[in-house]
Amino acid sequence: MPKLIPRLPSTNSHLPFGDMQNSPFYGIDIITVKQFDREQLTYIFEVAHEMYEMVSRVGSFDLLKGKILANLFYQPSTRTSSSFTSAMERLGGSVIPINNVSYSSVTKGESLPDTIRTLEAFADVIVLRHPEVGSSALAAKYARKPIINAGDGVGEHPTQALLDLFTIHEELGRVDGITVTMMGDLKYGRTVHSLARLLSLYNVKLNYVAPENLCLPDEIKAEIGTKGIPQDCFADLTPVLPETDVLYVTRVQKEYFEDPAQHESLKGSYVITTETMRQAKSKMVLMHPFPRVWEIDMAVDADPRAAYFRQMEYGLYIRMALLAMVLGKA
Amino acid sequence: MPKLIPRLPSTNSHLPFGDMQNSPFYGIDIITVKQFDREQLTYIFEVAHEMYEMVSRVGSFDLLKGKILANLFYQPSTRTSSSFTSAMERLGGSVIPINNVSYSSVTKGESLPDTIRTLEAFADVIVLRHPEVGSSALAAKYARKPIINAGDGVGEHPTQALLDLFTIHEELGRVDGITVTMMGDLKYGRTVHSLARLLSLYNVKLNYVAPENLCLPDEIKAEIGTKGIPQDCFADLTPVLPETDVLYVTRVQKEYFEDPAQHESLKGSYVITTETMRQAKSKMVLMHPFPRVWEIDMAVDADPRAAYFRQMEYGLYIRMALLAMVLGKA
Amino acid sequence: MPKLIPRLPSTNSHLPFGDMQNSPFYGIDIITVKQFDREQLTYIFEVAHEMYEMVSRVGSFDLLKGKILANLFYQPSTRTSSSFTSAMERLGGSVIPINNVSYSSVTKGESLPDTIRTLEAFADVIVLRHPEVGSSALAAKYARKPIINAGDGVGEHPTQALLDLFTIHEELGRVDGITVTMMGDLKYGRTVHSLARLLSLYNVKLNYVAPENLCLPDEIKAEIGTKGIPQDCFADLTPVLPETDVLYVTRVQKEYFEDPAQHESLKGSYVITTETMRQAKSKMVLMHPFPRVWEIDMAVDADPRAAYFRQMEYGLYIRMALLAMVLGKA
């Protein structure tokens, strides 16, 4: 991302504090999955795997000691906010938590660029969750410090897509050659859109299982199609479950149905039970971006193929990797 | 507490990170005062006293460096939340603060077990304050990481009871052989119930001073009685004050009185003033779990027997001890 | 500030933990700009400049490792709260964030002195933002640990005034001999009152540019006048801009105008544009306490004389200096 505002000479000559400026991700913003190619993904996953190994061995370590993360959440998200906080703390860094819009100076009418440029006086990197599409790109345009998009409305949530792909990579040992079945709300869920885009960089087959009104949007299907990825749509999981290597389940929100009974009726075929799992491959991965409501029965949690809690932990390693990389330490 | 979910093999082999698994409290949950016997209390108090000595000498130290506490408060409590945060920070550890239910994913309908299993991907220990009785036991059932109950509705608040008993132990040098007078709302106050239970493990005499409608519940009195503890009820402090070694005062909340005048009338006899203190032993301890409203006059604060501010500091040492113990470091 | 409550012997003998008690600012409270003389300001600025140099060289360092700041905000202020958090973290210390009144025990009716005396059991220094004038002085009266006033309603915000003066000092290399023009709401803005008071310790000329209903209050003008400072009032910036070394712009809030059209009409003459800057000295400083609304056009941000983002960074160094000083480490 090109920066609109040049480095101010009088006070910013101190940046960066001895960082490795020749690190390939040094100083970049993480805004969209579209910014990554396969080579970069491979590198991120290597660093994330190293993070996993280091955490396994020593829990935490001081790679980012003295660095400060401004964790700026205009919308509530315990999961994502806690994950970034933990990632920074496990690397020995510190966090400025800004969790509650209602007390931000936004209520006094301040613009996002001003808030960002205020916080970069205090922090070395900024994680931003904001309800408006494009907010992270706007922030990155003004910021001299790296911005990491933690969700911009119905736009993108790139670290979620990266952790999803990393989960597949770690659990199955590969991404090429697999069949991924996405199920649930494929129309409004930004998670599946971003994951589908990343998967299209690999040699995969994609199945979509969704109610008629919640299918993958045509423009995304077309985008994926240009990469030569085989895609198929289904109303029911049954025919594709036996060939599925990754089953990615998402919530189907009540508000997208005019008739509540229509939503209720989905619970029959759109819920994963231990019975469902009996039809699945013995080696496969069941994922969910969480929170879940009724889509996966809690009895399934004990199944070793249920990867959704490990998925959170993989998210920690991905975020550790990204923080270390954009700060020039990996 | 038995764990419902086994340790997941693929990602959790890294736990624990070189901790002393043979430490007697390693990995346990702190859910209820009923889980402790005298020997364990003695051990906790020894560790807490060591924490006091270390803080006296060096302020903070790196016993839990690299460890992360998820401080999960579904209900506001500045005092308890700050105390645990300080305890973790004085031990060199880090905190993920989750203070505000309104922004937690709970509002999206997530279950407590799912929230707990999410947070344990990011943290090494979870402190939980929740409005529902039994919530901490439920959390502990699902969690692989230790849970510390920081109050579950009208249920228990075990670390408060432990700090109360530790205050007595440190201020008087002993617990056996003393007379403890509890005064105020003895019916709804979980604090006095838990403290009475802990005291019943010692050789003490208990006096209860309460308005008729706010006496200690019969079942708790019966439970204490089975331990052979002498107990007596009084409507007024006067007869028992001269023999009292520990006077434990609690708030009497207006909402428990149909007639506001009835509540108002209590202020005559249920308030501690410098005059009251003149009738008390020269060596005794005045305690209050705080916040206070009118029960103890601020003029009493300068009295060396007024231990309620020191009580907060003892709470810090108890929480430091528990965190270190359940993480296998003490 | 004299302390009302003596150090309690039994638990507080450990304070201070090996600090340099002969440091001139050790243990003092920062309550009002009136407490500082020129010599003290010079000393604070020397320490703040050292902080700037250290941050330039190493980012963060462990001067306050093991120390804990309770950041107690009864009112929202992302900017000030984040600045103090960053200051403490860059010095290697930890923070207890208490950002949201609604969940503080204040809602249970606790008094400010009780809250302060609770928090000082957990923290080494307390930063307080509170809506009532005099609240920090009250807190300091009861606290054994140092209190730093981060804004007490329409009262004072001394660290803002210190950072404003430090900005002038660093940007121009001197304070004596300069002309400072303050513009906007000079009646209700505590920022300009405090800065004017500090400037009156130096040999400066002050210009006030304000709508008739928002002029500097007479009592403050009189106070400044007793120091022999030349002061002049203007309705428009034009005549004084060419001689101005520091232009300090503040928001003019709509709520102070009965007629919205009156407020709207100000935007013509009370907004700084690139055109305005063409009339200004080539070496001068444009400042704003932020947040801004429309008073300074974003096109001005790229002008090297626009110092308002650097002002935030100077604030970081001032707060680092004050924290280190009151904790006996500078």
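Just so it is clear, A, B and C label the chains in written order, and each chain counts residues from 1 on its own.
What we mean here is this: a residue touches a chain if its C-beta (ideal position, glycine included) is under 8 Å from a C-beta of that chain, and two chains touch if they have at least 3 such contacts.
Treat the numbers as computed from the prediction; the structure is a model and nothing was measured.
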>> Which label fits the chain touch graph of this model best, line, ring, star, complete or other?
In response: complete
> Taking all residue numbers at the chain A to chain C contact, is the shared part over half or under half, that is, same or different?
Replying inline: different
> How many angstrom between the C-alpha centroids of chain C and chain A?
Replying inline: 39
> Taking each residue of chain A in turn, which ones touch at least two of the other chains?
Replying inline: 97, 100
> Tell me, which parts of chain A touch chain B in their complex?
Replying inline: 52, 55-61, 73, 76-79, 82-83, 85-86, 89-90, 92, 97, 99-100, 171, 290-293, 298, 301-302, 304, 309-310, 312-316
> Which residues of chain A touch chain C in the complex?
Replying inline: 5-6, 8-11, 13-14, 17-18, 65-68, 70, 94, 96-98, 100, 102-111, 113-115, 117-119, 121-124
